[in-house]
Amino acid sequence: MQAPIEYYLVLSAVLFAIGVAGVVIRRDVIVILMSIELMLNAVNLTFIAFSRFMGSVEGQVIVFFVMTVAAAEAVVGLAIVISVFRFRQTLDPRDMQLLKW
Amino acid sequence: MIVFFILAFLTLLFSLLVVTQRNVVHSAMALAATLFVMAVLFLTLDAPMLGVLQILVYAGAIMILILFVIMLLNPLSIEARPAAWWMLGSLGAAALCLQLAALVHRPAVSAEAAVPASFGGPESIAQSLFTDFALPFGLASVLLLVAIIGAVALAQRQR
Amino acid sequence: MPGLSLLVFLPAVGAAALLLIPRGAMRALFSLAFGFSLAVFLVSLWIFARFDPNAAGMQAVERAAWIPAYGIEYIVGVDGLSLFLVLLTALIVPIAILASWTVHDKVKEYLFFMLVLETGMLGTLVALDLFLFYVFWEVMLVPMYFLIGVWGGQRRLYAAVKFVVYTMTGSLLMLVAIIFLATRNYQVTQTLTFGFQQLANLRLPFHEQMWLFLAFALSFAIKVPLFPLHTWLPDAHVEAPTAGSVILAAILLKMGTYGFIRFAIPLFPEAALAAAPYVTALAVVGIVYGAMVAMMQDDIKKLVAYSSVSHLGFVMLGLFAFNLQGAQGAVYQMLNHGLSTGALFLIVGMIYDRRHTRMIADFGGLWKQVPLLSAVFLIVTFSSIGLPGLNGFVGEFLILLGAFQAHPGWTVLATSGVVLGAIYMLWMFRRVVYGPLVRPENRLMADLSPREIAMLAPLVALIVFMGVYPRPFLSRIQGSARVALERVEAQSMAAPLVRVESAGERTDRGR
Amino acid sequence: MTTNLLRWIPLLPLAAAVLNVFFGGRWGKRFAGILASAAVFGSFLIALRVFMLLSPDAVLRDTLYTWIESEPFKAQVSFQADALTAVMLLVITGIGFLIHLYSTGYMAHDEGEARFFAYLNLFVFFMSVLVLADNLLLFFVGWEGVGLCSFLLIGFWYEDPANTTAGNKAFIVNRIGDFAFLLGMLLLFWEMNRLGVPSLDFAALKDAAARIAPDTAVLITLLFFIGATGKSAQIPLYVWLPDAMAGPTPVSALIHAATMVTAGVYLTARLNFLFVLAPYTLSLIAIIGAATALFAGTIAVAQNDIKRVLAYSTVSQLGYMFLAAGVGAFSAAVFHLFTHAFFKACLFLGAGSVIHAMGGEQDMRKMGGLRRRLPATYWTYLIAGLALAGIPPTAGFFSKDRILLEAYASPHGSLALWLVGWITAGLTAFYMFRQLFLVFHGTSRAPESVQAHVHESPAAMTIPLIVLALGSIAAGWLALPSRDVWDPWLQAVLGRSNPAEHGEAVNETLLVALTVGIALVGIAAAYFLYGRERRVREDGPLWGTLAQKYYIDELYDFLFVRPFTAAANWLARAFDPGIIDGAVNGVAGLVRGISASGRRLQSGNVQHYLFAFLIGTILIFVYWLRR
């Protein structure tokens, strides 16, 4: 039997919050990337929940696109992480302060 | 209903593990588990195609990539956990979650729309993907191409 | 090309012409710059000749549309108040250029800024459109910043930045007040204009007037400088090159007092009346404080700088007495201060060129070595003390006469300035000029060269002439001074309770 | 009646001064002296001519041009000459000329001779302007002008810092007096303006005097009197005169004896119609006059510098003049001024010739026995000394007795005032003859080298001495009790004040006898103590304090100069840079501080930015939800 949509939304909210926490707290870029993936999944969940309850499949199409973007983002993110790691031998975001004046 | 609660619990458990695990590999594993459970959740929402995709793309491709990078760099940073900073971060996240939850009580869609059998299936998605969303589809492919080239350029070892 | 515009923009043309000459040709640069400034002086004499002494209103007025969209016009005119300041500027700048003969590095830019400064000063004096006045007011700042900042002494950057920022903060408030005034005028008369004469007709409610007056007053008080706002002056003077500090002392300081008598008092009579006791108090404190601090300085330039604070305290005292004697005395004292302090800085500059030091302790017995310079120094010192028979006394006496009627208590304290002035000037004079010729370096000093005599002669001649026969000056100032004080005196006669004017009602006062 | 004669009296010396400034040094050694003396002699001739033209109540007027005009105030450069002015002019130009003549000799070998004569002429110019002025403002020009010249002349030998310090001190103390004078003028003008006669001309003042409010009149006269104490060296502003002896002797003779210091007395005489309105001020003047006379007299007794004795004597004699003015006897005051100019100038010039002979030595303890070596100087000095002591038939006797008489008999006078005057007369005789005996009698205490070349001064110096000595005698006969020429001459200007009608004739002869008596006692005491060989030891606490001038200078320094400089020092070193400049730099520092903390926000740590981002979104939610 189908659970009401609020539950799904609450779940994705919590998931999203956990993802955000991960991004902000963790001192390791890779874990940050993973947390981002987590946040994206939370969003996907919301999309799918709404497309299910709204009866239109567009929600799911958008999730499809979200996934492509997520993939691209992960790839580029990791590439950056590799090049930074090779250069700085560290994954701690605090050391990546080239932008700071 | 029960199924949902189990899946929800598992998702939250694994995602918490992702965030809290000191060892990067464990958190990667936890992420993979989260993705699988999410895929199952998608199924309960009549989105079989996306469930499969989820496993295929996310769990399959991205997770492998992350693991591959972890193996490549084998980072040993056993991270010191500065308590104050953790507290602050989690407090922030909790506050955010509250706000989002509060949103939910807005008069959301209550009536559950009738859904044809092949709702989540590949035909309906493909049908709408290639008609309404043709342009975004093209753009998505360009995006992927750029991402690949970018990744190769970035990760190349400077000679 | 009508008179005043020619007067104002001729130096700018000169500055432009300077750029054409190669940097190396020092002699050509100097002669061109001096030529132009001399030409400006001749034009100013021509304007003086055409000036009708007994007409009180504005003369040689030129009007041209500048930014019609906002009702900003190019209006210039001269009357009794600004006439002599224009002449003073036109006289001092050539002398300052002569004085900068000893400048050797970057002479081209130096002279360029001098001429641009002259345009700024002349423009400020003749501008009758508040916006135009503000533009020239700012134009004055820029060259002065470079003159102090580039060719100054050790702490020149600190002094230059302090000078500009201090003056700028004040003048920005003034800009806000100008714009507010124009908009209020627009609401009342539906004509958007910045013209001084139109805005002067506007009757503002008291509290508004008070705020506008304070904005104007702050900007001018910094420039005067009035007591608490004076600390930029000693630094600016000490670090400025000779010519710079001569112009700064002789003319720039007068912009503040000129601003008060030209704009602040006529535009906001009730507010001026209400503020008079406080300004008088600050002025008198300035007189005594300036004199006392001057006494203890060991650098001649700083001493003269603080003496300027004291002298201009007198001018402010005269202005805010709101009677004819006070105003006439104040305007006349502006000229006197320009001449005597200008000459003092020239002399200090000459001494500095010879000995490269300004410390009083390094001197002594100059009379024996350089009698001519010391004799001129004596005359100028007594002029700045206000010895009867020289120019200082005439202005000071009129100010005290006027101020005694308005604020007898404060004037008694101010008159002590007469004594304090004598104390610090003579003490300095004794240590520098009198005494035995002990130091060997002092023995090498050469007396005045013809160039230096040419610089000091006109100033000393004027100092004596303006002391013995001040009538031509006083008669011309009288008419315009009375007009400037017209509304304030009307106010002080009228009911002390200031009538609050509703915005709609506009009284038309013949100008 | 109007004339254009008066303007030449001041203009001649001025022209000579200007010429001397520019060409003095170059046209030969003696040119400056001759030119200067000739100019003053010219003025003297004109003054004589004016004296001839004048009758007691006539006024000559000579208007040049309008000086300052700021409606309703108007001051003209115009001269007037009435009986009082004529007398003063004769003193200034007459004695001035003699002193110029004397200076040609005295300053003969001084390299700054041209400058000296230029200043001296400038002084005569300003003094004549002061005396001839027909309004208070022009009077003030002369008043401060003479202050300037005294500054220049005291500090003439500028190489010695002591001289220039004395010059500064003189000018500044005078300026303090002028401060009060200026305030008096301002108050007077606005009071006159209130009465509808906005002018400072003496004539206008005289007419409107009666209508001036009494308490304002008191204040005005008080302020003028303070000005006068500054210029005429009375308590409390007398401190500058003794130090003014640093200047060359002719300067002391002309300025600090005969002319400038009498300006204060001339002021009270000129404005007698104002002072009469303020009995309170008059009594104050009398008291201060008497006090100064006694006070200065006691100090003079203990001085060892030949010129300082004369300086304190001048202060004391001026005290007499103010005493006379204080009791309303203005003509007596002016008469004493007139006679005093003669004998005090003669004394100073005599002292000058002694110093000249002794090669610059001024300490009386190193002199003595000059009677035979400097006969002319000795005899003129003796005559002038007798005049100062007030021994008949000299001029001093007549003028001083008249003052003592007035002090006792006139309505404002009192026994106490007379008593003080009487004692001072004795003191005067004592210190005068103490000096005479120390310098001229006994054996010479000078070192051999000095004694060798002691010589009588040249004719240029002795002739003025002789003339002045004769004047010290003849001047007195103008006011013989039997044939009084002086009073009627000044009556029109100074008003009636002749106590003779009081009818106590017997008292008069008694008073005269008493005065002459105490003078003789003074001389005898001086002879007894200093006549033959020195018997008295000059030490002990009393003598010390007198020699140290009651430590007044130190007291002033402690009470006024030191705290004032300390306050100025604190202001200049601590307050101005610290607090005011501090406030300015403080604001700058504050701005820099704020911006610095702002800068830390950009930490470069990505997670900080994300966190800030998170906070931002939460806030938006919070706002959005509650709206």
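Letters A, B, C and D name the chains as they come in the text, with residue numbers starting at 1 for each one.
In this section, a residue touches a chain if its C-beta (ideal position, glycine included) is under 8 Å from a C-beta of that chain, and two chains touch if they have at least 3 such contacts.
Because the structure is a prediction, the values reported are computed rather than measured.
Enquirer: Among the chains, which has its CA centre at the largest distance from chain D's?
Expert: Between chain D and every other chain, the largest centroid distance is to B.
Enquirer: Just how far, in Å, is the C-alpha centre of chain D from the one of chain C?
Expert: Using C-alpha averages as centres, the distance is 38 Å.
Enquirer: With chain centres taken as the means of their Cα atoms, state the distance from chain A to chain C in Å.
Expert: About 69 Å, centre to centre.
Enquirer: Quick check: how many Å separate the C-alpha centres of chain B and chain C?
Expert: So the centroids are 75 Å from each other.
Enquirer: Between chain A and chain D, what is the separation of their C-alpha centroids in Å?
Expert: Here chain A and chain D have centroids separated by 100 Å.
Enquirer: Which positions in chain A are in touch with at least two other chains?
Expert: 20, 24
Enquirer: What are the residue numbers in chain B that touch two or more other chains?
Expert: 89, 92-93, 96, 100, 103
Enquirer: Using the contact definition from the top, classify how the chains connect: line, ring, star, complete or other.
Expert: other
Enquirer: What is the complete set of touching chain pairs?
Expert: Chain pairs that touch: A-B, A-D, B-D, C-D.
Enquirer: Give every residue of chain B touching chain A within the complex, in rising order.
Expert: Listed in rising order, the residues of chain B that touch chain A are 1, 4-5, 8, 11-12, 15-16, 18-19, 24, 27-28, 31, 34-35, 38, 41-42, 44-47, 49-50, 53-54, 57-58, 61-62, 65-66, 69-70, 72-73, 75, 77, 79-80, 85-86, 89-90, 92-94, 96-97, 100-101, 103-105, 108-110, 112-115, 119-120, 124-125, 128-129, 132-133, 136, 140, 143-144, 146-148, 150-155, 157.
Enquirer: Which bits of chain D are touching chain B when the two form their complex?
Expert: Touch residues, chain D against chain B: 611, 614-615, 617-618, 621-622, 625.
Enquirer: Mind listing the chain D positions that touch chain C in their complex?
Expert: Per the touch definition, chain D meets chain C at residues 21, 65-71, 73, 137, 140-141, 143-145, 148, 151, 155, 158-161, 164-165, 167-168, 171-172, 175-176, 178-179, 182-183, 186-187, 189-190, 564-565, 567-569, 571-573, 576-577, 580-581, 584, 588.
Enquirer: Enumerate the contact residues on chain C facing chain D in the complex.
Expert: 162, 165-166, 228, 230-232, 289, 292-293, 295-297, 324-325, 328-329, 365, 367-368, 375, 382, 387-389, 393-394, 397-398, 400-401, 404-405, 411-412, 415-416, 418-419, 422-423, 426-427, 430, 433-437, 469-471, 474-475, 478
Enquirer: Where on chain A is chain D touching in the complex?
Expert: 20, 23-24, 93-94, 96-97, 99-101
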